[in-house]
Every structure is written in C-alpha cells, then in structure tokens.
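A, B, C and D label the chains in the order they appear, each numbered from 1.
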Amino acid sequence: MTVRVHFYSYFKELTGCPSTEETVVEGATIDQLLGQLYGRFPKLTAMRNSTLIAVGVDYQGRSYVLKTGDEVSLFPPVQGG
Amino acid sequence: MTVRVHFYSYFKELTGCPSTEETVVEGATIDQLLGQLYGRFPKLTAMRNSTLIAVGVDYQGRSYVLKTGDEVSLFPPVQGG
Amino acid sequence: MTTELILTTDPIDEAALIARRRASAGMGAAISFSGIVRGKEGADAISAIDYEAFRPMVEHQFKLLFAEAGQRWPVVESIRLVHRVGVVKVGEPSLWVEVVTPHRSEAFAACQWLIDEMKRIVPIWKKPLL
Amino acid sequence: MTTELILTTDPIDEAALIARRRASAGMGAAISFSGIVRGKEGADAISAIDYEAFRPMVEHQFKLLFAEAGQRWPVVESIRLVHRVGVVKVGEPSLWVEVVTPHRSEAFAACQWLIDEMKRIVPIWKKPLL
C-alpha cells in the first residue's frame, strides 16, 4: 500500500521535495516507514531524534500502524511565536 | 510642635475629617502621635493593626521621630487596580 | 528604560496607547494588562467604583516600583501604566499596564510583579458604588 | 468560553483587535501578549522572518489547546489568538494572544501556558531573512 509523506520547514531542503509517496507493506508502522525514508533520504537521519510525526492533523508515535490513504507529515521542532 | 495628619479612604469617615493638626512634644515618634490620635478618634483604634503610615510620600514605621512641618498620612490597606 | 505613568479621570483609550507603543529592534515581547471593573463586589451588584488616590505619593511610589523593576529585570525597555481616578463604570478598565522586553518570560514576570507591588504599596483605594 | 483563531498574512492590527474585545460584567482581567520579530537571530542581524505553517494541523492543534485551557482554567471567558504566516518584518508582531478572565492570576497563567504549549506542538516554523 502507498502513503503520502509531507515534509515541512528545512526537512524539504533535506529531502529536496515537499512530499513523496512511499510504498509500505500492509500493517507497516511509522517506524518501518521511517526506515525506508532514511534509505531514500539519508540527510533525514541526522534529525532522527528530533523528528515530529503527524498523521493527518494529529501527532502519532512510531508504533502507529499505517492505513491506506494516511497522510504522514514529518517536521523538525516547531517554532511558532 | 505641630504636625498635620491626613486621613485617606474610610479613615476620613472614622475620624470625620480629611485632616487635622496635632500638637506633639519635641522628639515624639509616630507611635506617640498615634496614641494621641486614638484618644481623639477612638474609631481609628479598630484599624490599629492595619494602618499604613506615611510621612510626606514615603512609608515610615512607628519609631519614626517627627519633625516640625512633617505631613503625616494614615490610611487603610491600599486597593489599586 | 523609559517609564510613563498616567493618573487620569478620563477613560483609558487602550487602542491609542497601543498605537503609541515604541519598541527597539531588540524587543520581542510586549504585554499589556487591563484591569476591568467587575459587576460585583463580594455578593453585591455594583455599577461603578470610585477610586481615590493620594496623588503625590502614588506618583512617588510608582517611581520607586519602576526603578526596582528595572533593577530586577534590567532587560525591560519600557513600562507604561495608566490608572483611573474617580468613578469608573463596570466594564471599563481602571488599570492598564504595558511592559516591553526582549523575551516574554521577563515581560510576564515584571508585569505581574508590578501589579502585585502596586496592590501592596501604592495609595489608591476603591469605593464601590451601587 | 469563546475562542478565535486567525492565521493571516496581513499585519496584526492590535488596536482593532482591542476595540473588538468583549467581556461580560464578571470579567476583571484582560491580558494581551504581542510577540514581536527581533532584529537578531542568534548573532546575525535579520530583516524579517518567514513563517511557514501547516495550516490544517495548526488550526486543529490550537483547537485542542484552547479546549485544554478551558479545562485547566474554567473561568476563562475568551481566548483570541492571531499568528502571522509568511514574511513578517523586524518590529512587527508575529503573534497576538488575548485572554479574558475574572481575575488576573488566571489570565497570566493561561496566557503563558498557551504560548508555551504553542511553541511545543503547533506546527509553525521560522526562516530568518537577512
């Protein structure tokens, strides 16, 4: 199955794109998705410990099980204000 | 010697006047002045433990030694805001 | 640090005060607090509060407080404070305080400290009107 | 509790926001905080900050924060928050928050909590412009 992944802030520079599609196996977790993305976008790995993850408009942890149609967003620490 | 004493807020109601003159001995302290005033204005005694005292525009304690021309102000706890 | 104190019988024009705000390029935070007359004093409904001020002492005590605020938070660039005297109707602000600082934590701290100290030592009193 | 969130590319008109403030007769405190773009980011002089927002998530996360603020401080009557997106020049506010409560302690506490939480979870990012 395929999920769309969006990048925000300087994650776009690290990946070179604002979003991408990634094919994962049924029942894959965000952790597995991240593993695949780190293979495609090695510069993202430097941010491994400070990457925030959302599915839709809610934060999710790495054990979240992906569903078809999920829109995943990855971004660095937020800086509003 | 004579000092002028001003009353603020409901202290004016308790004394019936906004200010008064009081004759005190040379070297008298505010404590002695208060003793005399409590004689003249017995209703003030009820506020004995919550009376604020200023000489001019500065707070003073009861041991302050009065000088000729001092303007003393007595008032209840303040309530700005 | 610049400071401004206004004691006035006129309504506080918050929009005009905001429009006059000055902040240098290093300032990142401006807090303004409005203290508004509530419709009740204890259990009683009131229509207004009559504020009495011992003006020269109010001015002097605020000057001392502003100076102490500047020592406690040397980064404060500006403090402005307006307090109504006389009759202030329910729903109108009786107090407006603004503090401008580089970062928000000092603005919040200094503004709260200033109001707390004002309520402790600045000779202003309230008389509720029914 | 009423809440209002505005994400806008336009300058924040604080005076107009103040003029639109509504507070019932039980409210005694209104705090407004303005976060202003500073002229330096670290050691570098900058001219502006470009704010990027993941808008639908920003709106959702603020909704969650407003609801939690209402649970933590049930006396809060109104929260209004405006955040700029896009380029904000040095000296202009990028954030404006107002909290209206019966007494000042809750206004200060809720306003600070809201800004702290915003900086923790609301997906907005800054890019300094030289």
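List of remarks:
Quick note on the criterion: a contact is a pair of C-beta atoms (placed from the backbone, for glycine too) under 8 Å apart; a residue touches a chain by one contact, two chains touch by 3 or more.
Just so it is clear, the model here is predicted, and its values are computed rather than measured.
Chains that touch both chain B and chain C are absent from this assembly. Once the centre of each chain is set as its mean CA position, chain A and chain D turn out to be 28 Å apart. Chain geometry summary: the mean Cα position of chain A and that of chain C are 48 Å apart. If you average the Cα atoms of chain C and of chain D, the two centres end up 22 Å apart.
The residues of chain A that reach two or more other chains are 81, listed in rising order. In chain D, 35, 104, 115 are the positions where the chain touches two or more neighbouring chains simultaneously. This structure has the following touching chain pairs: A-D, B-C, C-D.
Across the complex, chain D meets chain C through its residues 14-16, 18-19, 23, 25-40, 90-91, 93, 102, 104, 107-108, 111-112, 115.
On the chain C side of its complex with chain B, the touching residues are 35, 51-52, 54, 56-57, 59-61, 83, 94-95, 115, 118-127.
Chain contact summary for the complex, chain A toward chain D: residues 6, 8-10, 52, 54, 56-59, 73, 75-76, 78-81.
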